[in-house]
Amino acid sequence: MDIKGSLECNQLIKRYIATRAATTEICAPLEIEDLCIQPCADVSPPKWHLGHTTWFFEELILRQFVAGYQRFDEHFSLIFNSYYKSAGLHWTQKDRGNLSRPTVAQIAQYRQQIDELIVSLLNAGISEEIATIIEIGIHHEQQHQELLYMDIKYILHCNPSSPRYSKTPLMSAQAVTGSWHTYTQQLVEIGHCGEGYAFDNESPPHKTYLTDFSISDTLITNGEYLAFIESAGYQTPKYWLSMGWDWLNENGITSPLYWRNLDGKWFEYTLHGLTPLDLSAPVVHVSYFEANAFANWRQCRLPTEQELEHYLRSSDNQALISAQGLPPASYHQPQLHPINAGDTSGQVWCWSQSHYSAYPGYKPFEGKLEEYNGKFMCNQFVLRGGCIATPPHHYRHSYRNFYQPHQQWMFSGIRLAKDIV
Amino acid sequence: MDIKGSLECNQLIKRYIATRAATTEICAPLEIEDLCIQPCADVSPPKWHLGHTTWFFEELILRQFVAGYQRFDEHFSLIFNSYYKSAGLHWTQKDRGNLSRPTVAQIAQYRQQIDELIVSLLNAGISEEIATIIEIGIHHEQQHQELLYMDIKYILHCNPSSPRYSKTPLMSAQAVTGSWHTYTQQLVEIGHCGEGYAFDNESPPHKTYLTDFSISDTLITNGEYLAFIESAGYQTPKYWLSMGWDWLNENGITSPLYWRNLDGKWFEYTLHGLTPLDLSAPVVHVSYFEANAFANWRQCRLPTEQELEHYLRSSDNQALISAQGLPPASYHQPQLHPINAGDTSGQVWCWSQSHYSAYPGYKPFEGKLEEYNGKFMCNQFVLRGGCIATPPHHYRHSYRNFYQPHQQWMFSGIRLAKDIV
Amino acid sequence: MDIKGSLECNQLIKRYIATRAATTEICAPLEIEDLCIQPCADVSPPKWHLGHTTWFFEELILRQFVAGYQRFDEHFSLIFNSYYKSAGLHWTQKDRGNLSRPTVAQIAQYRQQIDELIVSLLNAGISEEIATIIEIGIHHEQQHQELLYMDIKYILHCNPSSPRYSKTPLMSAQAVTGSWHTYTQQLVEIGHCGEGYAFDNESPPHKTYLTDFSISDTLITNGEYLAFIESAGYQTPKYWLSMGWDWLNENGITSPLYWRNLDGKWFEYTLHGLTPLDLSAPVVHVSYFEANAFANWRQCRLPTEQELEHYLRSSDNQALISAQGLPPASYHQPQLHPINAGDTSGQVWCWSQSHYSAYPGYKPFEGKLEEYNGKFMCNQFVLRGGCIATPPHHYRHSYRNFYQPHQQWMFSGIRLAKDIV
Amino acid sequence: MDIKGSLECNQLIKRYIATRAATTEICAPLEIEDLCIQPCADVSPPKWHLGHTTWFFEELILRQFVAGYQRFDEHFSLIFNSYYKSAGLHWTQKDRGNLSRPTVAQIAQYRQQIDELIVSLLNAGISEEIATIIEIGIHHEQQHQELLYMDIKYILHCNPSSPRYSKTPLMSAQAVTGSWHTYTQQLVEIGHCGEGYAFDNESPPHKTYLTDFSISDTLITNGEYLAFIESAGYQTPKYWLSMGWDWLNENGITSPLYWRNLDGKWFEYTLHGLTPLDLSAPVVHVSYFEANAFANWRQCRLPTEQELEHYLRSSDNQALISAQGLPPASYHQPQLHPINAGDTSGQVWCWSQSHYSAYPGYKPFEGKLEEYNGKFMCNQFVLRGGCIATPPHHYRHSYRNFYQPHQQWMFSGIRLAKDIV
């Protein structure tokens, strides 16, 4: 990697440029106003993501490896550091929407300048160490691309006019009728063991003992979820975790995040605007509390993350998964982004019943990136399987997504499992 | 007034147009980003003021007096109604910053269209009733012009880069040395009794008995206030109201809103940016709690609103007041706006010790405007005297401004009074 | 007063002993459990009142005037100081219920020992200074006697079993039909000017100009208030102050504090237990927000505190007042406490529309008692006229009671006034 | 079990009586005042535990199996139901301290009457079903005995006088020097598989694959924990979970719950009163956040619950464990309660790094007890090993205790583990 113009180096430059461009493209259909506000603590202003992903490269590459580097702006480290205590003070997350400056135009300039410097650096030939951080930075930026879709959807839905982001619908009905796949007890290998990129939390690969279980090959649909609502699911405490029941009542929750009942008819806010609820599309934007309650109502349970990983890996499921729009085995090959391309896969992240914890023998990234994953291993649940907003090249079966049990704004859905009696 | 082209009618049109233009001008130096955000519940996004002041004319004139009028946008009544329950549902104040739409450009279009319709209507000749509401609407918009300055200052100061709004400084040192004016006990007339416009809360004019008192002819300066801070004023409970002491400690307040101590040196954020504290300029952005504590520390007290009104009215004070930049007797004559013109008067609203209450015989405006003033007569204190951000033509000596005792973001200062022993 | 055995001294001793005994008597019908808890921040555990009123004499008399005095217990100053910053640290009010110690028995011992020391001191002959503080201490303790009734009622009502405090009912129907008393505009004298005791906030006596007004000679009854509820008063924003409307909705308020609707029938929790609502008894335990909304609904207003004082003073009202159970002219003569004696006067404090503020020329008590009243002159409203729980000897027409506008747990009711058009 | 006078039946009666008596004994050294208050939401008034454990038998035995049974008091089901939605409405946990009634004496009467009825029922011969519920009720009551010690300690420590509960100290120094026990990777059996009683969450027994690990045979001492504090552990973000760091700063946490620094010297509040910190005793009352941060500082980790269970089970550790005062293999034999007997074992529950989740194949108890455990499987961490306040007969190695990561008031300590590289 230390030889200028190597194939690996050229590919890295290409991927860097493509990833950076994709982020900007996601924001292209929006107004400046949409990019600035923070309607709730979890949702960052899109312009902040544009700045933060740039700061990542400035802080971890330019500031570390370019002698005498002067920051683009002295205030940006404070503003665009997300949570890295080792990188100095950072602005409180919930107050990101209180900053009118830098403007969107200034952030665009920031992106351009940092990109020029990074590409120059890469073109000059780079060390293994820098290549590793660039690689992480690309995957980091892809995570923020998915966050951008989540945050944009939330921001737009706050407007009484229900504006559209996308010209075409994104989700589609499921093609297949569900059946149950059964696995007998066995010792399996879990975690990242291949050659490609993975985050620290996917390692080390290790053995886990699975007991007998069945798992459904289809996602729960809006129609199935509506049946739960209509059978008083949200009024029946026995289906709910104790914290879930309190959350429900304190926040007046009666449905998934973007559902609206207008004069007795159900609608859903989507990136394509407000549409009548599609009963055959997968349910999305449910919290862990809701997914768990639904599973209890159906006298099933949510799968563990190990069961999900094992199921997703099993080669005999690939054809089926592909039919549903789940990521094919060749997922690492370039493909058009579902949202841009009108892909109607209907794919959502599946809640597992597993709290997010360290794998045995877990070692965090080193240096400033030590804070990347490990410090969030508390009171979160793992989701598996990717979704329509997950960028191509980003997903793999060992991927561990994680959110708090009350959160709804990610593209989260339900796949059921059950014990074999 | 029902004859097209009358002098009154023409003047009303002229004043309507000028007022509406002035509002837009206030926002001209800002970026779109500055117009959209709401960094705290009290501070509205500037674009909301632009929409709300327009909605006022649409709702109270066009919707009432133009047969078959169709709203510019069906969602705007929900969004731009501030608090008029009689005008239907309104968006919660603290959530105004959650709306990315309508955009600034759409609101500009809204302003233009409503202005064209109103001017057409006025040109066609108008009734006394409509003229009265237009008049109120003009004064209402002027109130929002001052709010705009307050909110813009707050929004800009949140940015670590301390951006400037104004090209020149606005406040200036006081020209005169303070002395005390003494009044002996007497029955005086308080409230609005002249010909010009006044809000309902300034009426009816009525008799009040004033006991002997003295009042200072100068405002408290930053230097005097700093002496209070440096003598441990913020750490000494006996100067403070009980609620004030709690407020101080719960919010970690140690100085007026925009003061900052950087490495032991005091600075103040102003509309002209961050500047070293000018010790001879009037202190501004103090809460009632702070004004009251300062007065106690000086073994004085704040004046009542009646004492302030009587003092401001007394003709022998006019020369003096004028020298300080206080509104001259001819205040109703057109004059350039201090902020535009670089006027360096240093004028601030003076806290009175009077809670905001109804005058004896008070009658609210009728109809939808009944909610304008009366329903806020609880837990607020009156301020008197106008400030640099008060639009020309808007102020009069009977004017009653009012805020909650913890609020600091208005241009509030201190004038002391004392009893005569 | 410096001569042992003087008549004044003997009377002071007698009144001291009687007042101290009355406090203990109020708690006699209760269980230890009732004396210990604090169901909301405003309500103190009754045992705390027993300790605090004792601490007052220990801190302000024994510690100041007895050389070498050692405190009964080193921790009591921290625990039983209410809010006197000058007397050192004090326990946070809302956490008084977190203290299981000292026990009720220990506090009884504390009371006894301090009483013995105080009586010894008084018997030995005392200075004017000490006599003044003892006098204040007696009035202070009487204020806590009324607070005890308020707090006991609140504590007992929290229990699902609705236990009784009193063996007999306390409120009774009003004897007289209401009529309006009219006063023409005049300059009147307000405040304490007689010989008896008064708090600092009742002074100095001063002139106030009253405009024409009428005031009702009866209190609003439960029946009248029920009519307000039944005409959707709590669902109609136009009657309510803006803060009141928010309070209503955030707290789900739909009636006075102790009313309960059981299967469509109205009941009221009283110190005599849960009883069917007596429609002819005065309404009690309404907040300022409710009193003000009721007055608006009736197209009247609440009187100012000056109007109430003037009305109560007017000699021609005495017969009438007496018939209603209002304090007679001879109120300062000893009489049995209504609650002990089964007095059925039905008397409640009347909300005025006046915020609690300093009188012109107001001077707080000196020394440690400087904090007694002045620091609460913010965001409270004045109530006038006394109530069934006000101890005999304690009330006078210049008496200013004050509470925050949302508070309901004091014996507060409504007397209407109106302007003369 | 359906034959009167069987050995099993007689033993059950004996254990029922002994358990019920032990609960009352725990409260014997307290004042009524100590039994009534709730200084924070987690801590219930001790009298509530006395009532709730009695309600358990009334609701689940007498109401289900005694024809025509009339409740002792109609209000008790509302008041003493903890969280069983299927048993009707229940009083909010945080408001338990708002109830002054029933009194302690009334609850004692309630206990006595229910006990008489239950013993009569048992003496008459009982079904398997009833015996099972009685058995659960006994274990349930033992859980509340430990909660009583936790709550009593918290209640007493709130008092500035730091009252003592116990006449003798309870914790003692550790006898052994720590060494590491190493286990190689293997498939092990986890969960309850023996004959004795177990809660539903300990089943079913199942295989788990453990990777290589070492675990310490001693608990972390106060001295070791103090070294963490003194090396700025609480000021160094990299040791802390993200939520832990926020918790620390929002609550001003700087040490374990009962530590106090007086004039630079460390003390600890214990059930024996305030004592100088014993550096060789095990650290106790640390949150998961603190335990995890400490482990990071020591470059170790907390063990998983499976590792802890495996370690505790390993017979070769028994001698060692016994020396430390950990529960011996013969733990199910009667023994004196440490607190009563002055046992100085120094034993604390050890935090595991495992979130509390269902075992594969988990089935909740049936009927009303379905709500016992499963609905809390969210955002809690498992603790293993028992503590000085755990009643004899109650503990077993498969026992899963669980608390939220910020909670400190249980007897929680630290045992370190590490990976083998």
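Just so it is clear, A, B, C and D label the chains in written order, and each chain counts residues from 1 on its own.
The rule we apply is simple: contacts are C-beta pairs under 8 Å (C-beta built on N, C-alpha and C of every residue); 3 or more make two chains touch, one makes a residue touch a chain.
Small disclaimer: the values here were computed from a predicted structure and weren't measured.
Counting hops only between chains that touch, subunit A reaches subunit C in a minimum of 2. Against reference pair B-C, the listed pairs C-D, A-D or A-B yield one interface repeat, A-D (criterion: more than half of contact pairs the same by residue number). Subunit C and subunit D have CA centres that are 47 Å apart.
The distance from the centre of subunit A to the centre of subunit D, with each centre set as the mean of the Cα atoms, comes to 38 Å. Here the CA centre of subunit B is 60 Å from the CA centre of subunit D. Counting partners per residue, subunit D has no residue that reaches two or more other chains. Those residues of subunit B whose C-beta lies close enough to touch subunit C in the complex are 83, 85-86, 185, 187, 206-211, 213, 237-238, 240-245, 288, 301, 304, 353-355, 357-358, 360-361, 370-371, 375-379, 405, 419. Residues 31-34, 36-37, 39-40, 47, 73, 75, 78-79, 95, 97-104, 155-156, 158-161, 163 of subunit B touch subunit A in their complex.
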